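The structures come next, written out as structure tokens.
Here chain A shows up in two complexes: once beside chain B, once beside chain C.
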Partner chain A sequence: MAEATAPKPSSSVKLVLLGEAAVGKSSLVLRFVNNDFQENKEPTIGAAFLTQKCNLPTRTIKFEIWDTAGQERFASLAPMYYRNAQSALVVYDLTKPTSLIKAKHWVAELQRQASPGIVIALVGNKLDLTNEPSNSSNALGEDGDGEAADGEDADGDARKVSTAEAKSYAEDEGLLFFETSAKLGTNVTEVFTAIANAIPETSLKGARGPGAASGTAGRTEEQSRVNLTGPRDNASKEGCAC
Partner chain B sequence: MESLSDTKWDVLISGTGLQNSLLALALSRSGKKILHVDENVYYGGAEAAFSLQEVDEWLEKIQGDISSKPFRNASLWKAEASDGTAGLSFSRAYTLTLSPQIIYSRSKLLSNLVSSKVYRQLEFQAVGNWWIYDGETEASLRRLPNGREDISQDKSIDNRAKRSLMKFLKFVVNYENLTETWEPHADSGLAGFLSRKFQLSPSLQSVISALTLSFEPSDQIPVKWALPRIARHLTSIGVFGPGFGAVVPKWGGAAEISQVACRAGAVGGGVYVLGTGIKTSETVTEDGEQLSKVELSNGENVKTRRIVGKNTGHDLANLKSVSKIIAVVSSPLTSLFQSSIEGSPLAAVSVLVFPSKSLPEGTAQPNPVYIMVHSSETGECPSNQCVLYATTLKSDNSKAVLEAALSALLKSTEDDEGKLLYSLYYEQEQQASYASLDLAFNDEILQAVEDQWKTIMADDNGTLEGSFMQFEDREGMNNDDDDGDEGF
Partner chain C sequence: MGTSTNFSSPASHSHDRVHATTDQTPAVQATSENGTSDSMTGDRSNDASQPAGDNQPSISSSKGDHDREDDQRPPLPPRPSLLQADLPTTSSAGTKRPALQARPTTAISSVDIQTLSFPDGTRGTFSTPATRSVSESVSISGASGGQSTPSRKGRGGSEFDDTTSLMSYAPTLRANGDLASLLDDGLSSQSPAWKLLSSQAESMNPFEKVGYEDLSLLNFDHEFEEIDAVDQKGGNEEEVLLQWKSKFKHYLILSSAGKPIYSRHGDQNLINGYIGIIQTIISFFQGAKDPLTGFTAGKTRFVVSTDGPLYFVAISKLGESDAQLRAQLEALYMQILSTLTLPTLTQLFTNRPNTDLRGPLEGTETLLSSLADSFTRGSPSALLSALECLKIRKSQRHVINNTLLKARTEKLLYGLIVAGGRLVSVVRPKRHSLHPSDLQLIFNMLFEAGSVQAGGGENWIPVCLPGFNNRGYLYMYVSFLNAFDDGVNSDEPASTAHNASRGDEIAILLISADKESFFELKQMRDDVVKQLEKNGSMDIIKTAIRQGRPSTTDIVSGTQLKHFLYKSRANVQFTMPSFSPHFSSLLARRRGLTKHAD
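So, the complex of A and B:
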């Protein structure tokens, strides 16, 4: 595959996060970016824009992760939020069936509004609540309104959305599908690696978005970008794929 | 979902135009509880950007409301789909902005976007060449010299004129210290001043006047207003790289900044509700505190310490209006964007100036016309097309003038296959100040935001803490490439 000595090509990929409030969107990203989890995280989302690199055998993908900053609560997400996104993470809480309905709504919205060819991953989060009997008294921090523990079965399994149901929906819509636990770290990096692998090579070169038809690969967005914070040594940065 | 009425808001802001969006950002990141609403279902107010379908909806609204402000008399023309030629693409392939402002490199807006860290979510592109239309010469579009080195190499200017021009340029970048030269003429017209004091020819007078982006003809531009603008143009060149002095945000200009500011405001804890305006408000006293009780158009009642409305209310006399056309053309007009400056970025915007009375005979043209040409690099149209934003002061025949200027432009570029595919005409009235119509972002707007911010922040204790638009990175952010390199 790639020669070990040559620096791998590196591309930025915009990823947007969508899903009902308190399903753990920000927690998934925090786990991915900082390998960290905060219990009782405040519902107001802390960071709006994070980056993390993902090393594939033949290339490096730098995710630019856009958090919704809670703007989805009143249906006031800006168009710029979806625009140009090459990937989306649509999250639901597998203990909360209404959150899957909301997730389906976001998938439809993306299919209608986002760039054609966007890679969408459907993620059922809070997998830890399905098999953690000892955790029953611990309202999971991601869930600001404390509903996580409600209706928990006697055996500690709070799952309300079956894997089969969500998976078959994802297959019908052509989505990647995972069940994760941001708290335990289960499947989190796997989601992002799968997305990175699914991004078509063609959408990485050249400008993104509707203005970029095929065949203009030679002129990338970088040539027209103006840096407001002074000249940077891009070459040395790009070469550092550690 | 929490309800809006449970919170006692510090400030309720109505309208998500650029000014209000920047204010919401500044206040929310300074710890104020902000509820930001907009009666429109989109962000940006008078600075919004639209897909073709959204233009249709906007148009319907403007046409159905004769008292509509600040936009009026909108009408749309589309080329008939003809076989064989590429016409308009799909609706979302376009982002047409109502506010195609350029931002000079030295504008405080850019330093504020950097200090507040929100620039990271924006992408800026260069405003490259400036062209001036001269109906009397054969090559009817002349590229404006880009700095002094360029002038010395310009063969179209004779040596004597070059010396005069250099003398003026040397003066104008230092005009603040050379008051004796211009103060006696502060209120005179620019053209006469350039002619008397610097012996500049009418053609060079037009060139200098073009740099002011004034809506008035060159003999009516007051010297005291023109000099700072010319100086701004000249001193901005090279700040962010060779060959350009202004930038434009990708994907829809000021609309994009509004949206980013609102998003960042939401990160700071602000709550956003679109499609909702202020219906009524009354003053109530609660626990000895005066509050406004506001009924929103979505039926909710909220309480707030302050309201920042989008209608400043006062009906000023002599409100200026401009006429505008947004046109889509079936050619990339490549020749307009070519750069002669080594190392300059690929320009996404070119500025074309038609001085007053420069259009071919048959069109009475009292005022200059400006056309901002946006290439597909801006993300506003598909490749192989361009978006043209034409503006002139509103007059009896301003629509015909704009159309004549567009057609003169298409005739005089080398890319003669360019055809008009789409043309949206409208008129825009100034809002609180003239600055709202300015073709270059006017720092007065930012000053107004800072003044509002200071007033509100000083509310409680009379002393002001923190600095305007200076924010630290929030916890959990690792934007610097070097920090995020661990991978996995």
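So, the complex of A and C:
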């Protein structure tokens, strides 16, 4: 903002979505980008790249979104997507406790390996499967026993991860936290807006530091990055006798 | 289950899988610039397998971080002229690197292609006849687009028997395809299409046609409906079982340890018992060193195929031949390899023989199912193992080819424009062709399964193309243009864009061996699209899609002919008229294709 001359400066922000398979990463993006929802969406293969603008009062953020596939076999490709990302959305399914565990792994990996200062949002998706009013983010606050074992109770509440549990974890780790429904659109734009607001302006303008806007610079940097695989790759090539 | 069991001996696989050839000579760079002799792709397997040291500078330098995927990166076969700009062949002007050519693998527009590809992955050309006189594949090709006779592989004696029996009573005129090539090619041809014919001849007495046409296809319309899940109390088990049994086609994939991997119909609870039975049967014969390849129960044919640690079973009531079913199973295997690569698959089972492969394959069930369903519906492309091209004029294709060529970037391996599941244009390195089986997998992923399109945006997909190299991944940039049009080009009426089924979309596929090259390829996509819009090619493609295939009466007015399939062997392409009006329904189409297969 400091050096802004145009009425509304616009900047690109690289964002990556991570999380277990079938938690609704693509659905969140689809809701954010196209305001659309598809029931029974087929799994993402590899990764999809999408862009969407987010208008803030003082500036425009253009999100460059990497929507990654959640299957385990794609996990090794993730660094390629979160490297140089200024923000990450780590998604879990609030009806599936294991997906939160996976989300915590992703958070840890991001904190360890991604650019320092990356803005991470923890998102519990599928809020529509619970029967609480969608905006009561602490309605279940008293349900402190976390992964309520009593699963679907009489009124069809499929929630298995309590808001309190996830929220306290998010606070401990310094993450943004939201519960969303991609199906109903609940809280989806809010997540992205919150991320946009949380991106420090210094990382947007001026010094093309950790997240060079469109990634070109970033990528060359990646390539020059050390090549730990070299020897192993050669080995595998030699072993190839097909 | 097994009433009349008859054992055919070790199956002669008909595939596009790469067989190692014994030819160790590095591929000779084609010297003629006209592209007629594209250098041997038969060497592909060798190229791929050899480290081919000095030819791969860019590869080893562009390694990213270390992860599993990286290990699997296909050791890129030498692409000298692309990588080493100073190679003699690139002497032609700097702007036009001859390394990639617009001469599509399958020679979409080329009239004089001399390359023949055989299903066993070999190719014949003139460029190096002398060096290739080895047993695996003899390549001879004549100026007249000559045919050559791949020498038979050292397989069981059975194949010999098969062919002789064939020779005795399969009149060549049964061919529905390329008559000339048939006559020329002799009976030892290994093309899947030929196999289909031949196995038909061997498995079926012509006087004893199975009556599957009349009554048995009655419920075919329900073939692709989901089977209900068995509810927890098992109350509906019987009903579900009936549904399951009413399917005409089943595919089962299991590990040799008996773990279920995939089943087209029915959930795990339902099929587990059958998986156990089939595993027992297969293992029994394996133990006796006399592998089971197929058996018949009533009108149902069971075909078994074993690939490494995996068992594949096709169960068909559609009267398909063993060879057809076997080719289908092979395609499913290719799909699995495409997801995992061969080394990963092997490693998984070497380390833990009772690996549950469903984890590693998670998310690809839809790909397997859409592939399986395309076989069940009857896919000319699978039947002939050839591909179909969009019908446009040669000059127009030429313009498109050149557009792609001009826009190509350093990292590009293959570039394709595909419209409605039909190929429009391909650019590729001179010495690599694209295998029909690989294209089948790609087209299935993009146009049948819909996982890619549904997401919108652009995609970056690691994929192993087993025909190219089953040991590593390539990275595929995919962009669908109609979706693109919505935002940018508003001159296309929104309604057509929405009405167009997803099979009618135009896709640009750019394949690279470098997993970091997304943005480079994305830029290339933008350039290509801009140029295609500018030179009018985009409209030509759209018009061609809208027109669809011509009907038989358009081709020959007043003809009685309802449908035909024509395959050009030299180009690995086929063409056919529109299915409508005679074969517009699913059932009619299936019947039509069954006839074709006969």
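Following the convention adopted for this analysis, the second predicted complex is superposed on the first by the 168 of 242 C-alpha atoms of A that agree within 3 Å, B and C clash if a C-alpha of one lies under 4 Å from a C-alpha of the other, contacts with A are read in each partner's own complex, and residues count from 1 in each chain.
Note that in this section a residue touches a chain if its C-beta (ideal position, glycine included) is under 8 Å from a C-beta of that chain, and two chains touch if they have at least 3 such contacts.
What you see is a predicted model; the values in this text were computed from it and never measured.
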Return first, second, both or neither, reflecting whether A:76 touches chain B, chain C, both chains, or no partner chain.
-> both
Look at A:53 in the shared chain and tell me whether it touches chain B only, chain C only, both, or neither; answer first, second, both or neither.
-> first
Between chain B (first) and chain C (second), which, if any, makes contact with A:200: first, second, both or neither?
-> neither
Looking at the overlay, what does A:189 touch: chain B (first), chain C (second), both, or neither?
-> first
Given the touch rule stated above, what does A:21 touch, chain B (first), chain C (second), both, or neither?
-> both
Could you tell me if A:30 is touching chain B, chain C, both of them or neither one (first, second, both, neither)?
-> both
Where chain A meets both chain C and chain B, residue numbers | 21, 30, 33-34, 44-51, 67, 69, 71, 73-74, 76, 79-80, 216, 219, 223, 225, 227-229, 237, 240-242
Complex contact set, residues of chain C against chain A = 18, 20, 45, 48-51, 60-73, 75, 339-340, 342-343, 359-360, 362-364, 366, 445, 449-452, 454-463, 470-471, 475-476, 515-516, 518-519, 522
Residue ranges of chain A touching chain B (in the complex, touch as defined) | 21, 30, 33-34, 44-55, 60, 62, 66-71, 73-76, 78-81, 83-84, 113, 189, 207, 209-213, 216, 219, 221, 223-229, 231, 237, 240-242
Contact set on chain B toward chain A in their complex = 1, 42-43, 89-90, 92-94, 110, 113-114, 119-121, 123-126, 240-241, 244, 247, 251, 256, 259-260, 262-264, 266-267, 269, 271-275, 345-348, 376-384, 474-479, 481-482, 484-488
Chain A to chain C touching residues, read off their complex | 21, 26, 29-30, 33-34, 38, 41-51, 65, 67, 69, 71-74, 76-77, 79-80, 214-216, 219, 222-223, 225, 227-230, 232-234, 236-238, 240-242
